[in-house]
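Labels run A, B, C and D following the written order; every chain starts at residue 1.
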Amino acid sequence: MKSSSTDGENRASADGTGTDRLEAFSDAVMAIAVTILVLEFKVPEGPPEATEWRLEHGLAAQWPSYVAYAMSFVVLGLTWASHHRVFRYINRVDWRFLLLNLLFLMVVAFVPYPTALVAKYLASETGRSIAVTFYGGVMTAFAMTYNALWWYASAGGRLLVPDVDPEAVRRVTRQFAVALIGYAVTTGVAFFQPVLSLVLFVAMTVFSAIAPAIARQTPGASRGDPSLRSG
Amino acid sequence: MKSSSTDGENRASADGTGTDRLEAFSDAVMAIAVTILVLEFKVPEGPPEATEWRLEHGLAAQWPSYVAYAMSFVVLGLTWASHHRVFRYINRVDWRFLLLNLLFLMVVAFVPYPTALVAKYLASETGRSIAVTFYGGVMTAFAMTYNALWWYASAGGRLLVPDVDPEAVRRVTRQFAVALIGYAVTTGVAFFQPVLSLVLFVAMTVFSAIAPAIARQTPGASRGDPSLRSG
Amino acid sequence: MKSSSTDGENRASADGTGTDRLEAFSDAVMAIAVTILVLEFKVPEGPPEATEWRLEHGLAAQWPSYVAYAMSFVVLGLTWASHHRVFRYINRVDWRFLLLNLLFLMVVAFVPYPTALVAKYLASETGRSIAVTFYGGVMTAFAMTYNALWWYASAGGRLLVPDVDPEAVRRVTRQFAVALIGYAVTTGVAFFQPVLSLVLFVAMTVFSAIAPAIARQTPGASRGDPSLRSG
Amino acid sequence: MKSSSTDGENRASADGTGTDRLEAFSDAVMAIAVTILVLEFKVPEGPPEATEWRLEHGLAAQWPSYVAYAMSFVVLGLTWASHHRVFRYINRVDWRFLLLNLLFLMVVAFVPYPTALVAKYLASETGRSIAVTFYGGVMTAFAMTYNALWWYASAGGRLLVPDVDPEAVRRVTRQFAVALIGYAVTTGVAFFQPVLSLVLFVAMTVFSAIAPAIARQTPGASRGDPSLRSG
């Protein structure tokens, strides 16, 4: 919450409260999407006639589920943090921004499905490349809607806070574009080299998690870029 | 949040905080309903003996799920935005309003089920017309409870903010009534022409999404109608 | 939210903010429980060999699900409203109150299961009485934990706001006790007369929904009892 | 909420609002995780040919589900309360803290899966020891990430409020370390003595629930330790 005016309505656009509810709704969707990822896990059961089957093998055979869960959780968790970063720059929202945000949330809320798909087919010779390509496609759509959100808000400073540092805005634009290109390329790789593609997804995720922590080491870096402060 | 008085209790009805918790609860239900839509998706699996089955065909055969997901997501997302619009006009709530809102949320929270139904039967000759009719019936019930909510609050300005623009109130009343009629007619069509009905549902949804963006082009339109500002 | 002090920590117990987070957490659990009720619904499918089976019969055969959904939704929704009523009287919370509230939420969050049970067995001769008894048992536990919460908070005015009207407190105590007795008796009936018991559950739920609306007709009734104002 | 400045951005780190959104997101994840625990319950059904099968036996045979549900609910509920306790001491968050919190939430959100596993295999001779060991492993990971969160925040007072009582900080550090050791030891026991291990888990959970209630009896104990006030 950025303010608490008592005559909210009129000052809404002026003082920034205009973004509060949109942020709260987006936060809720991201929190729910991240928490229902666990529902992809099915308790392993042996085939009815199996006397040799053992639970530890069933649990070990679920390794693709663990990989998919951790990857999607971290991607969505970092997106939550990043979404706040974007909103620090945004002063008010209009109807188009709201629609773009809705489109973005539609992809966010969809992530549990490709996650379950990868969990199911990562260990399967025949389905793996399609499953990872599908996952990558959703991730690319995700990055596209996120970029669109930012482009719309930042173009000509349309919805930004008045005194924003233009260099910081350019930096965010650049980072988001790089992420989009990264996801698109990795998805292209997925069809031919699903395992390599997945390794690239994990590497990109880990990088985007630790890069800010490293950048933060440099004093002064925390001036112009709110991303260096938590959501 | 419209105010932040420290002696909340007594000023609650006076300054409008009276609607805060109801809005927060409604927001939560809508955010959850929208996010659990994804649970309708089942990871496709070939029949046990199928060696010819391929995952890409399984995913392509799920097209009704994608249609149903996107449609319900956008309808619920726009409803969230619209619900905020309504609450901008509302100053306080009473018990009957609370019950009507509960009824409305009961239909909102039910939407994932008809969505799953359409996803399952849209591609089936025999089930399609029933599934789309059922979906339409829920959407019509949804519009009815939403209209009832607004009628109750706005009749004689019962729960509205004191200085509300009567023209804006009439405009909302008219828009909601049109939506209700639209849903009812489209549902009637569904039994005989399910595909046409679905096309109409999608068209109505797209229209209600982009209409405000177009209206907003006209300067001055943003005066009397809070819907032009985001939730 | 009852206040927004900037030096929150110290004034927390004094001005009542001490209950904010507990209320928010409880609200979230109730909103989620109410919204995942829909997950009990399974899209009907005919038996593999059935050419006679029709979707409309499948949907009609789900009537126990609709009954169970509506009943649990309204009970939980009214509980949400009532929980707010209780918290209007409560000034601060202590650890034991927090534990009692946790116990209460454990029962609230469990409600979707007995709801699914009733949905499944209401139309079954053999399972009906057990299913409704189980449902009633959970409802009785629910009323018990809710009463315990209130007893603990109100006994000797332990956690209440300083200047609370003692008559209003007694009225809440009485209402809650009546509800508990009602649920317990109805549960006892369930084993022998499941249908009658269910009718009583529905009647109690409808009564607790409309009673405040009727009471509110009487002017002056809204003075001493915050329940007359919405959550 | 600890403050409500209107020029939020700059004063964010100074006055403590910096932790608000992180707390809200964490609260949401914990509320959702706790509420979807119920989804592990499957309505019991007799085998197709069974005429002898009775619902009450099916419900009674689910006792491991009730045990697992209650245990995980209380553990997560107490963690929610405890998480607030930690955040009372924390003034601001940085990127690394955010990552650690994300890791912590990843384990929190995972809890429904080991809960379902224990529910399924607790009554099974062959799977029990693995299921309880797996559950214990997740609980130990949970305690590890929680300890890491606290260590990072409290080391050298890095993220703590300026005037925090060092003795209170040490007390929290000690309590958390004891819990971690307790979970690790209990998990070690699980492989050989799953039932004993589960009894220890329950005992630890009950103890951590009632210990603060007993401690609170002692006057003065409520001075230095915010844990004695509710979340």
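Here, a contact is a pair of C-beta atoms (placed from the backbone, for glycine too) under 8 Å apart; a residue touches a chain by one contact, two chains touch by 3 or more.
It should be emphasised that the depicted structure is a prediction, and the values quoted were computed from it without experimental measurement.
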{"item": "Shortest chain-hopping distance from chain C out to chain D", "value": "1"}
{"item": "Chains in simultaneous contact with chain A and chain D", "value": "none"}
{"item": "Classification of the chain A:chain B interface as same or different, half of numbers criterion", "value": "different"}
{"item": "Rounded Å distance, chain A centre to chain C centre (Cα mean)", "value": "36"}
{"item": "Rounded Å distance, chain B centre to chain C centre (Cα mean)", "value": "25"}
{"item": "Chain D, residues touching no fewer than two other chains", "value": "1, 4-5, 28, 32, 36, 39"}
{"item": "Pairwise touch network: line, ring, star, complete, or other", "value": "ring"}
{"item": "Touching pairs - complete list by chain label", "value": "A-B, A-D, B-C, C-D"}
{"item": "Contacting residues of chain B [partner chain C, same complex]", "value": "1, 4-6, 8-9, 12-13, 17-18, 20-22, 24-25, 28-29, 32-33, 36, 39, 92-99, 102, 105-106, 109-113, 116-117, 120-121, 126-127, 130-131, 134"}
{"item": "Residues of chain D defined as touching chain C within the complex", "value": "1-5, 15, 27-28, 30-32, 34-39, 41, 43, 45, 54-56, 59, 69-70, 73-74, 77-78, 80-81, 84, 88, 209-210, 212-213, 216, 226, 228-231"}
